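Next up is a structure, given as C-alpha cells.
In order of appearance the chains are A, B, C, D, E and F, and numbering begins at 1 in each one.
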C-alpha cells in the first residue's frame, strides 16, 4: 500500500469520491491480487428491487472501513495488491439471461488478469455468472450465508432468478454440491420441495434454528468440514443477517444472525482455500438509516481479510 | 352506488382491505362502466425501480378519497358503475416484451367487457400495451402530463423501456401523433435528438418553462385544441409534478407542476372524449412520507371524474 | 423582553430545554399579555392520530424562530409580555367530551388572568372548548385557514370530533357564523351536504380553486370584510397548506397553499381585532423531515406578530 | 387449500389486494376453522397512538409469508380452513368502553360460527373484549409475551386502557390468573405496586432479565407448566421484542427478546390447548423501515401454525 | 467531450463511482476551463451541521443530470473542458480560520491553472476563502440566492461563521458591495441591525415578499442591473429555495422560492460575466427523500450552463 | 421526590416541556445530590456530526422513563435529590480547545455545589473537560463502554478530538490508566499502534470478540477488579451498542452489544464508587426511528440508578 493510498484512507471519511474501502480506482485489474467489483444488477429479483443501488451505497459506507482487522490482526493490504476496478455494468438489463452473459463476459476478462474477485451485488442471481467463470475448469465448493437456499426451480417464467443460482450452477457443473454448505436458512416455504434440490444433491443445509442449537463454533467446524481443502467460493446474502441489522434487502426474513455472529462466522473461515467472494442483496431504498449498507461494507471487509489470507497462502 | 358501498366509504379510513377508492373488489369487469386496475410492473425502468409497488400504495392512500369532487361537483359514482378489478399481473416479469404481451392480453379481455380502464402503474412502459388495445381500431389521441416525452429510441438494448412507449405506439399505428400533447417536459437531454421523434411526428410538446409562461388556461386550451373531439387517452406520469409534491418516482426532475396546477390541468380536460387513463411511475420505496402515493391517488380520482363524465356522455 | 431572555434566544438553537419561541416558561399566565400554550390532545381525530405530539415538536422547531418579523418589522416581544405557560393537559383523554371540558376549564382559568391565548394543538376539536371561553360573552368571528370546513355533523358516533368544532360552536352560540370565513377548502366530500352547515349559516367559504382564481389580495380583502371590526379568532389548520410543505398531518389534501402564501395570508390580517389564535393538526409521526413542525412553528410566530399588534392596539 | 388460493400465494408478492397471509377474503367466518381478523383500534393507548394502522400494514407485509413453516414443518393450511374475515371495525371510536362493547359484539358473532380467532391489533386493550367472549363459559389461561404486565389500575381516568386488560379480565372472571404467564416484563415502573395485581393474583411473571438467566428452554417449560392442559389464549405484544427489531410500537422498552427468540418461544408452545391468539401494538407511523410490521406478520404466522395444530388436535 | 465520456453519461445512472455530473475525475485542473469541486466543510455552521456530506450526495444525485439543458439549449460540454477535480479537503477542520486558510490555498493553486471554479459546499462560510482568491486583484460582484444575507457580525465568538462571509469579504476588499444583490431574504431576525451591513454598504437586498410582488422578470432585471458587466460570482444557498423542495439544510426558512423559480432565476443570469459559482448548505442528514441533493445537483447543472457561456464568451 | 414531581412523571408522556427523566428544571445545582446535564457540543467529531442535538432528543425520549428500576428495585429518586440543571452551553463552538475550556469552567462551578454530574453529550471529547474537574485532586478510574478506545493521538491537526479524550486525560494526570477498563472495542484500525496508548499505559482493553467469549459475568467481574474501590467515572459511548439498536451515532461499528447486554453491564457495576457518568455520541440526524435516543435515555436512567446508589452509600 502506497503512502498516498494510506493517506487517502486517513482523510476525513466524508471526503472524496467513494471507492470500495477507499482503495484506488483502476480501469484494469492487471497486476492486482484481488479486485473489488460492483455488480449493479437486480433484474433477477422476484419481490422488492433496489439491489442495483447496492454497490454505490456500499462504496459510500465503506469509507468507514480502516486498514487492519483489529480482531484478527489481518491487514489485507499488507498481504495483497487490491483496487476498486469499477462495475460489471449490464448494458442490456431488460433480458435476464443476456444480462448474465454480459456479467460472465466481464468476469472472464477479469479472470484473464489473474485477479481474484470480491464483488458487491446486485441481487443473488449475479453469483451464477461469476461461478460459471470460477468453476469452469473444476467445480468449486461454496460457503453460503443466507436466509434462503436459492436452489429453487422455475419461478415467474424463468430458471435464472435470484432464488435459483445454485441449482443452476450445479446443473451446469460449475458448483460441487457435496462441497456446499448453506447456513442460516429460514422463513416459510411454499412447498415441501422448495429447497429439495439442496437436500437431494447433498448440500449441507444448516437452518437458522439448527445453527442456534449447534452454536457458532460447531457451525464453523461443520462448514469447514464440508468444503475441505478444495477451491471454495464464499457468497454472503445480506438477508442471512436479521433485518434488525439489515432491513434494506429484497426478501427479509426475521430471526437471522446478529452482525457479530456474522462477523465471527466469516472470521471462522480463515484458512479456507477461497477463490472469490461476494456480498449481495443490499437494497438501499429500503434502508432509511443506512445500516444495511454499513453492515454490507463491513462484511465485505471481513471477507477481504480472509480472501487476502487465502491468496497470500497460495502465493506462498 | 349501493348503500353498502357508501357505508364502506364512510368507515374510518384506516380500516378494511384497501381497494382503489374503497370501491368494491370484483373478479370480473363485466357490467362495469369503468374498471380500476393496478399494473404492478416496473421492468421497463432505466434507473430507480419500485413502481411495481405503486398500485398497492395508491390503493392504500386512496382510502382518503371521498365520493364527490368538491371543486367540480362531479360524483363519478352517480354517473357510472365502477369497481376495482384487481391487477394485471405479469407472470413472466423477467422478459420485457413478453411482459407487455401479457398486459396486452389482460386488457384485451377487459375490452371485451366494454369497461373503460383507469389504471395505476407501474412504470410508463405499461401504457404501450394498453394503447395497443384501445387504439387497435383507430389510433387514439393523447394528453400526457410528464417530465419526459417518452418518445425515445433504443436504450440499454431495448426499444420498449419506460422512455419510449409513445414512439412505439406511433410506430405501431395505435397513437395519432397529430393528436398528441405532451405537457411539462423538462430536465436535461443527452442529445439534441432525444425527443426528436415528438417534434418530427407533429406531437405538440409544451415544455415546463413554456407552460409557466403561457399560463394554465392557455395550456389547457391548447391541449383541447390538439386532441379535438376524437377518442383520447390521458396518461399522467407522476414525475410531471414537482418532486417536492411527488418525490417517490424513478426519474424525478425538479421544476415541475404543483399539485394544485396538476389538479386544475386534469379538471380542465372535462368534456374531452376520453377512452381511458392512467397514473404511472409512483415508486413507494422513494416516498418516505407517503405523499407521492397520496398525490397519485388524488390525481387518479380527478381522472376518474372526467373519465366518468366522458363515459356518461357517450352513454347519452 | 429582558436581557436574559434575549440572550437565551441567541444561544445556539440546539441548546436548552425547548419552550415555544424560546420564551421563558411560567407556571402562571398572570401578568402576561399573551400566553403560548400547548394542547396535546388528538382524541377527536377520525383518521391518522399523532397531533398529540404536535406541541412538543412545534416547541422544538420553534427554536429556529427569532425576535423580529423581517417582512413586517413587527417584534411581538416589544409590544407585549409573552411566555410559554405549558400545556393544557387532558387528564382523562379517553372520553372526548370530558376531555373538552377539561380543556375548557383550563382556558377559563387562563381567561381570568386576562392573557390572550395562542395555542398549538392537538387536533382541531380543541378549538371548540377554547371558543366556548372566548365567545362566552359575545360570539366571536373566525378566520380559518383549512382544507376542510369542519362544520360537519355526527360521525363515528360523536358530535364533537375534529371535523365539527365550528358547527358545534355556532350551535352553542359562541361563534357568529356571519363573521366566519373559511379559506382553502378542498378535497372530496362524501355527500353534497357535507359542509352544508357552513353555507346555510352564512359562513363565507372560499374553496382553494376560488382562492387561486381570486388571487391572495382579494382573498385577504374578502376575509377582512367578513370579520369586520369585531372580536375575531384565527384558527390555522396546518392542512390548509399543501402536503408538500406540511406532510405531517392527519387528513392531508393535496392542492393547498404554499408556505409563502400562508405567511402572506396571515400577515394580511394585520389590524384585525384578534382575541386569540391557534395552529392545529401538526402530526409529527407523519413528518419524517420535520418540515411540518417547522412550518407550524413559523406560522405560530406569524400569528404571534398580528396577535401582539391587536393586543397592543387594544391596550392603546 | 384450493389450487387457486395456492396460486395466489405464489404470485409476485407486491401484487393484488393485500389480505392476511394472502388468504381469501370472506364476508363471513361460517365454515372456517380459524378466522384472521384485524382490530384497527388504538383508543386505549396512553402514549404514542398509531396501532389503528397495524392491521393494514401487517396485511401488507404478510404478503411475504409462505404456506409452510420450514423450521417445524407445519402447514396451517393443510390442517385447517382459514380465511381473512376483515376488520372488527369500531363505529364509535371516541368512547373507550363503547368501543370495547362493539368489539365484543363482533367476536360474539364470530364465536357463533365456531371459528377460532387470530387477531391483529390495535392496542392491547382490544384483548379484553376478546377474552370476554372466549372466557365467558370458563376462564381461560394466558401466555403473554410483553414488556409490560398490563395488569394496571386506573390511569388517566379510565380502567380500560391498554395497560390494564388483564386485571380487568381477571376481575370479570374470564381469565384464570393461576394459569397466566407473563414473559419479557421490563422497563421502569412508577410505583412498587404497578404490577402488584399480577403477583397478588398468582400470575407467573418472568421478567426479561430472569428470562435471560433461565434460558429459553426453561422459560418455555415454565410457561407450559403454568397454563397446563386447559384452554389458553396467546397474546403477543410486539413490544415484548426489542425495539431494534420492532421500533414501531407505542411504548417501546429496550432490552427485549430478539426476533429469533420470539419465534422459538412461540414454537415452544406447540401442543398447548390454544383457543385464540393475537398480535398487538404494531404502530406503523413509528416504523420507517417497515420491519415492525414484517415482524408482526411473521409472529402472526408462527401463532397461526401452533393455533392450527391445536384446532386440528381438538378436531381429532 | 470524448466519446468515452459521452458513453459514461449514458450508462445506467446507478452504476459507477459517482463524480459531479458523471464527468471524468482528474487529479489536476490543468487544461480545464471549468473545474467542479467539492468543499466538504461545515465547521462554520451555527445550528444543524451536515453540509460536510453535501459534496458526496450532490455527486451521487448528479448522476441524474444529462448533457444538454433542454430549456435553454446550452450544452456546457460543447462550450468548455470540464472535469471533477475532487475535494478541497480541510486537513485541520477543528479550527475555523485555519480551515478557511486551507481552502483558500487550495483555490489559489486552482487559480494558477486558469480553471474557473464551480463548487459544491459545505456551509456558506466556504465562499469567503473562494472570494479571497477570485477577488484578490479586483473585487467581484455577487449574485446571491439565499434566505439570509450572511452579512452578520460576530456570533458565538467568531467573525467567520456561515452567517458572515459577505461582510468579511467586503471588509477584506474582495467583494464590491455596490455590485451585490441578495435575493430571497426572509425569516426572523434577532435585531433590527442583523443585516444592517448589507443596507449600509449599498448591497441590493430583495426580500422574499418583495420578490413575490415584483415578479421573477423584474427580479432578474434588477439583479443584472446591479452586477452590470464586471466580474461576478454566483453563490446559491440551497435555503433560498423553500424547504418543501429542499428540507435538507442547516437553517431552513419556510416561504422560499420554488425549484422552478430557482431554475428560472439562474437561467435569467445568462450573459452575466461570471468568474465562479457555488451551491452550498445541502445537508444530507436532514434529507430523508434525497430531493435536496437532487435539487442541489440540478441547480449546479444550471449554474454550469451559464458559467460555461460566460467562459466561452471570454474565450471569444 | 415531591408529590408534584411524582404527578408530573405520571402525566401523559407526550405532554409538557421535556426535561431529563421529567425531573424538575433548576437554574442551579445547589442542594442537589445528582445533576442531570446536557452538553450539546460536537465540535470534536471527525466524521458524522449531529451529537450536538443529542441532549434535546435524549430529554425528549426520557419522557418514557419511570421512577423505579424494575429489574433492580432501585429508585434513584428515593436515594438522592436530582434535577435537570440545563446545558453546559459552549458559547464559542468554533474553536475546539476553547470550547473544552468553557465546558470545564461550567463543571467547576457545578463541582462547587457538591452535586455529582450525570451528563448527556455531545461527542466523546466532552468527557475530557469533565475529567479535568473530577480528577483534579486525585486521578479517577474509568469504566468505558465503547467501540473505540479513544486513546488516539493527533488527528486532523488536533490532539483533542473525540478519538483521544482518554490519552489526554492520562497525560494531564486526571485519569489513572491502571484503573481504566475499556469494553466493547472493535472495528478496523488504521495502524497497529492506533490504540497502543491504552495497552502501553496498562489500561484493560476488552475487545468485543473477547467479551463475547468471556461472557458478561466475567466481563463485569474483570471491570470491577480493574477499578477497585477508588473513585471511578463511567463513560458510555452509545456506539458500544450495536448499530441495530443505536444507528444514530457518528462512527457506528457493527458487531456491538445488544441493548439488554448493555443494561446488564451497567447494572453489574452497582456498588462501584462512582463519582460521575455520561452517555455520549447520540446523533439524532442519523436516527430516523428515534431508537438511539430512546436507548440513550434508558442507559442514562440505568446509570442514574447505580450513581444514586454510590452517592447514597457515600452519604452513609
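Note that in this section a residue touches a chain if its C-beta (ideal position, glycine included) is under 8 Å from a C-beta of that chain, and two chains touch if they have at least 3 such contacts.
Labels paired with UniProt names: A, B, C, D, E, F = Agmatinase.
Owing to the predicted nature of the structure, the values given are computational and were not obtained by experimental measurement.
K.L.:
Touching both subunit A and subunit B: give me those chains, sorted by label.
P.N.:
Joint contacts, listed by label: D, E.
K.L.:
Chains shared as neighbours by subunit E and subunit F?
P.N.:
Under the touch definition, subunit E and subunit F have A, C as mutual neighbours.
K.L.:
Indicate the lowest number of steps between subunit A and subunit F, counting one step per move to a touching chain.
P.N.:
1
K.L.:
Can you tell me which chain lies farthest from subunit C, using the average of the Cα atoms as each chain's centre?
P.N.:
Farthest chain from subunit C, going by C-alpha centroids: A.
K.L.:
Could you put a whole-Å number on the gap between the CA centroids of subunit D and subunit F?
P.N.:
The computed centroid separation for subunit D versus subunit F comes out at 38 Å.
K.L.:
If you average the CA atoms of subunit D and of subunit E, how far apart do the two points sit, in angstrom?
P.N.:
55
K.L.:
With chain centres defined as C-alpha means, what is the inter-centre distance between subunit A and subunit E in Å?
P.N.:
41
K.L.:
Quick check: what residues of subunit B touch more than one other chain, meaning two or more?
P.N.:
In subunit B, residues 12, 14, 48, 52-53, 91, 93, 156, 242, 244-245, 258, 286, 288-289 touch at least two other chains, as defined above.
K.L.:
With chains as vertices joined when they touch, what's the shape: line, ring, star, complete or other?
P.N.:
Shape of the chain contacts: other, as it matches none of the listed patterns.
K.L.:
Taking the top-of-page definition of touch, could you list the pairs of chains it picks out?
P.N.:
Touching chain pairs, listed by label, come out as A-B, A-D, A-E, A-F, B-C, B-D, B-E, C-D, C-E, C-F, D-F, E-F.
K.L.:
Which of the residues in subunit F come into contact with subunit C in the complex?
P.N.:
Residues 11-12, 14-19, 25, 38, 40, 52-53, 55-56, 59-60, 84, 86-87, 89-91, 93, 288 of subunit F touch subunit C in their complex.
K.L.:
Going by the contact rule at the top, pick out the subunit F residues touching subunit D in the complex.
P.N.:
Per the touch definition, subunit F meets subunit D at residues 6, 9-10, 12-14, 64-71, 242, 244-245, 258-260, 263-264, 288-291, 294-295, 298, 301.
K.L.:
Okay, in this complex, where on subunit B does subunit A touch?
P.N.:
Interface residues on the subunit B side: 42-44, 48-50, 52-53, 91-96, 98, 156-158, 160-161, 285-286, 288.
K.L.:
Which stretch or stretches of subunit C touch subunit B in the complex?
P.N.:
46-48, 155-156, 185-192, 207-209, 212, 242-244, 247-248, 251-256, 258, 286-289
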